[in-house]
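Order of writing sets the chain letters: A, B, C and D. Residues in each chain are counted from 1.
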Amino acid sequence: MSQTIKAGLVGVTGYTGMELARLMIHHSSMELVRVTSRSEAGKTLADIYPFLNRLPLGNLVITQPDPKDLAEECDVVFLAVPHKTAMEIAATLLEEGVKVVDLSADFRINDKATYEQWYDVEHTRSELLTEAVYGLPELYLDQIMGARLIANPGCYPTSSILGLAPALTNKFIETDDIVIDAKSGASGAGRGAKVGSLFCEVADSFKAYGLPSHRHTPEIEQEISKLGKTDITVSFNTHLLPIDRGILSTIYTKLTADTSLDDIHTAYTEFYAGKPMVRVLPKGQLPETRFVRGTVFCDIGLVVDPRTNRLIILSAIDNLCRGASGQALMNANLICGLDIDEGLPMAPMMP
Amino acid sequence: MSQTIKAGLVGVTGYTGMELARLMIHHSSMELVRVTSRSEAGKTLADIYPFLNRLPLGNLVITQPDPKDLAEECDVVFLAVPHKTAMEIAATLLEEGVKVVDLSADFRINDKATYEQWYDVEHTRSELLTEAVYGLPELYLDQIMGARLIANPGCYPTSSILGLAPALTNKFIETDDIVIDAKSGASGAGRGAKVGSLFCEVADSFKAYGLPSHRHTPEIEQEISKLGKTDITVSFNTHLLPIDRGILSTIYTKLTADTSLDDIHTAYTEFYAGKPMVRVLPKGQLPETRFVRGTVFCDIGLVVDPRTNRLIILSAIDNLCRGASGQALMNANLICGLDIDEGLPMAPMMP
Amino acid sequence: MSQTIKAGLVGVTGYTGMELARLMIHHSSMELVRVTSRSEAGKTLADIYPFLNRLPLGNLVITQPDPKDLAEECDVVFLAVPHKTAMEIAATLLEEGVKVVDLSADFRINDKATYEQWYDVEHTRSELLTEAVYGLPELYLDQIMGARLIANPGCYPTSSILGLAPALTNKFIETDDIVIDAKSGASGAGRGAKVGSLFCEVADSFKAYGLPSHRHTPEIEQEISKLGKTDITVSFNTHLLPIDRGILSTIYTKLTADTSLDDIHTAYTEFYAGKPMVRVLPKGQLPETRFVRGTVFCDIGLVVDPRTNRLIILSAIDNLCRGASGQALMNANLICGLDIDEGLPMAPMMP
Amino acid sequence: MSQTIKAGLVGVTGYTGMELARLMIHHSSMELVRVTSRSEAGKTLADIYPFLNRLPLGNLVITQPDPKDLAEECDVVFLAVPHKTAMEIAATLLEEGVKVVDLSADFRINDKATYEQWYDVEHTRSELLTEAVYGLPELYLDQIMGARLIANPGCYPTSSILGLAPALTNKFIETDDIVIDAKSGASGAGRGAKVGSLFCEVADSFKAYGLPSHRHTPEIEQEISKLGKTDITVSFNTHLLPIDRGILSTIYTKLTADTSLDDIHTAYTEFYAGKPMVRVLPKGQLPETRFVRGTVFCDIGLVVDPRTNRLIILSAIDNLCRGASGQALMNANLICGLDIDEGLPMAPMMP
């Protein structure tokens, strides 16, 4: 690829926007040429993010979000704005001929009614739902490469679906008894100023939240139902960890037969052969969120409990990177004809 | 009670020993008169724990563990030493006429063979297993009050059993499909110098460990089988939180019928009526480990998920206080004829 | 004291209000009978602070702040509201015959002009400045015991002044070359919803802030000038620690002569004899914020550096307890004729 | 450079060894071909560092440290072993014709006697002290490019010297009144299994340590004395932060004249012109350790306090990256003829 891809980012002030800016520093084939924010327009990126001081990207001036301008300057645009806000911007940009990677939930749910029920807003651009491609590259690589509009997966769904996919396609597990106990770092709650997100409310504590009906439930059920070729209802439950980044999902399933850990491990390894961003760990190893920090890796550990005939799947990602902006960049690379891993860090931050 | 109870503590250098010392500062009817440690004998408590500087307890000189001396000076002795080490000391002290609260696992498992299988050591004092009382006051108050030897419950079992007890005795849930997803703070790993417990290995990360056969499994199964009046096998799985103190257990169960949250909440409230150290939270509230930090409270939250007909029970304790030394003190109070809550802090550390 | 003191608390939703509520749980001679908040009136304390569930204090209903009502029901009122707001409430309550412990800065600065310059507001009740007693019990015990209005010291000043007092009264140090490098936990920034106080902005990082003119500077200079009997200007500089509670001040001074550590340590020990809440550590020991967590202790460590002829003083407190609500309670005890330490926890939270 | 540089690493199990391995993942012109450890020889890197799973570097087998073998296979060798151990290995490798970057203190101190006094061991290879180049590229670029043996600077000295250099060369400050109040993350204490480094001993607390004579003192004094062209004695004092990575040094100095912040800021900017890894922050901005996390940036903030006529310099680095392995890689790049920044991450980990 001799020509640099020009990218735009709508909504730069949240953690996913910040993460995308961070990732673009090392991308040699794609350049961020537009970043927008209603509240911070006029400032440079370094003004709001001092970690970008003295880096070329730090000099980029934040603008008001203007679809015409974005369309003129950009080949691809990332939407890092809340659901409902994203759908109209996406539609306008597509009309202007720009490719879109939407990090919100607006185009993830295929069924308009399901979306409206769980997100409690009207979907005004449902005509795009069939065109949008669910941007999980390990499952939809070909469709992504030909897409104009990517529905970038949610953080929890990414971890859950990648963890369950080989077990479901291999029919190792019962489909009516799946429990996902998911734990996420605090950046998943966003950068809004809320008392509940203050350091003194989160540090040195742990809690569950949002039970029993987190909004990521229908997204998970939609995708694992396709994989399992049957309608699946899951018990999906979320917890808040006192860490910045990281999701660990502990997934409890019942084996349909007396399948051995060896067989399951082999099937997982085969399923993810040629997909190096999912790392099926050696038997006996369990994932830790720090091992994927700052990367797009999804680490999967497998445990068979013979006492209860359960398969327990542990799946770890960085919620901001693989769970949002890093995966968005994988998708942008693909729809722009680049290698999937261009610009992506492979070196987890340890410690 | 006009006379002060004299207490001894064998093994003061670990976190449970430290916690017991901390709790004794405010106890007006019981006094710590002996503390022992093989490695630190000769020093004062304040020498090894500077937080005790200028407090009377800080002047107490650490001695070598000598059963005769302990028996002469103490009415009750706490054992905060590893399993296997505890059983012989307990037996000797009992012979000398001293009451014993054993914080190790040595007398928790009623069945010798089960103990030996899970802990991989021989039980050389199994004749005491029938006499030992499992020190969970909400379940065994009367037996505790008359006991000489208390098997102080493990941290995870305390949280799990208190969370499940009303559901089991009321037959709300299936007994063959219970999953306990437990998360503990780092003090649960002890004060031994291990790389895996270093700040830089634990902070800013999260992982599961010990799957699928944590040693607390048989203790949980023994007690909930009694409550459910049937042999129960659970899937019990543990995780390490980057916090000092606190356990949150998320317990997944299947309802036997279409029981409402209202009915379940009422049953829980009735079960724990008159037992103020277990707090059944108002419907809609979920426990957080910080709300019990430094106390013996066990906070229980209840969620019914109608989509999967599951009852999800959330149970939070402080692993060092209710899960170890605080509960040991409740038990010591009871076997010494004091009120159960004497000397115990009721004010959680917030934030 | 046979009769229970009735106390009120204006402003219960911040961290100092929360801390005062927490401390009152164990106070046997003083009872919180009124708590006020404009935003949360009508709820119970347990509604906003679930850690108070099932405790009697949790049932207290929050009211609108009404001086008449407070005066009718309370013997003493704590003001945990921002500066400027406090001065009028204090004046009204005093007129109604109620004793006041003001946790804000409004009555700490003796000089009206200095207050107005640093806090950038008009002082409308300056007639009370001479009456108000600076509530640092180790320095002003007698005045406090006879006072109606206590100006409760700031957190940083408490740590700084207690650290410097013996060195100044003994003329060990030059008064024109004092540098205070102070570090505080995040609760010092308050419970307001600000992006800068979010977990993800504070955790895993460290910074200085407010340089070179933190508002606590004139308060420190006023008090140490009195101790040194000369006008002292200090370099006072603050940093934000990723911990909930705790201040450590590292105070750099120059020795006036070749005074030995022995002599200095003896002088400090004598200065604080009979004042057990200040703990002069044994030579060679340095304070750690965890050793005072949750208590009113001020731990002081002393270092003499012969290479530079400096005395380095390390002073640690819990910013919420000794630095705010715990000290307020010491003062309230004193002005109500109780022992200074009634109801105060002496057992630091470790770990 | 068409040919890949082959590098060796002696001592891979500590945090600096781990960090160097992490950094090499993205280096395209240098390859790690040998890693050694006495305790872990025979395992692969991924065996001990699961974060390297599925990365080519993870397959590298750890060997026993053998100078002949290292010399045969490597163009340059990094020594990440303790002081005293390093000096002999360095000498042997140099004799074999290999370039050496020594991360220990063994060749940092020019004067043998000073080294032996502060480190309390004999220097058996002092003949190399004159040849060794102090590897601070902003000060010694030319010497480094021609060197065979690099004494890689200590973490605290890097932050202190870079912070002070422009002030000293411009004679802005008094040289007899410099106080450095330095704070470091816990990785600086190393990966040894010590109780004092446990999560529960470090988290949620803050303390000073090593006062008044930290071993980095002579290294700082040596370099700033050269810059100030006079013998300088500093008061250098260290604290332990509950974070993984990061050093912030708050440096207190007295201005020699009424120099304005503008003039000082200009001089700093000019001093570091063309040296983009030191970022002099815009006036009014102060550094935060998170803004440099995972990078070799040194961020410098400047404050003039007119009340005390002090210049306060704030200097932040990542202690593992700029303070150790990242700077080692800068030096290795330079002595191998590569660009200084090859392979180095420029994107700080935020949050």
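Convention: contacts are C-beta pairs under 8 Å (C-beta built on N, C-alpha and C of every residue); 3 or more make two chains touch, one makes a residue touch a chain.
This one's a predicted model, so the numbers in the text were calculated from it and none came from an experiment.
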For this session: If you tally contacting C-beta pairs, which comes out ahead, C-D or A-D? Let me know.
Result: C-D
Seminar exercise, completed: With centres defined as the mean of Cα atoms, the chain at greatest distance from subunit C is chain A
Seminar exercise, completed: Rounded to the nearest Å, the gap between Cα centres of subunit A and subunit D is 36
Exercise. Taking each chain's centre as its mean C-alpha position, how far apart are subunit A and subunit C in Å?
Worked result: 46
For this session: Indicate the whole-number Å distance between the mean C-alpha point of subunit C and the mean C-alpha point of subunit D.
Result: 39
Seminar exercise, completed: Note: subunit C residues in touch with at least two other chains are 15, 187, 200-201, 203-204, 242-244, 288, 290, 293, 351
Seminar exercise, completed: Counting only contacts in the complex, subunit B reaches subunit A at residues 177, 179, 181, 183, 200-201, 203-209, 211-213, 233-235, 237, 239, 241-244, 246, 248, 250, 252, 286-290, 293, 301, 303-305, 307-308, 310, 312, 314, 351
Problem set entry | Complex interface listing, subunit A residues touching subunit D | 15, 18-19, 22-23, 25-26, 49-51, 53-55, 187, 203-204, 244-245, 276, 279, 281-282, 285, 288, 290-294, 297, 299, 345-351
Seminar exercise, completed: Touching subunit C in the complex, subunit A uses residues 15, 186-187, 191, 193-195, 197-204, 242-244
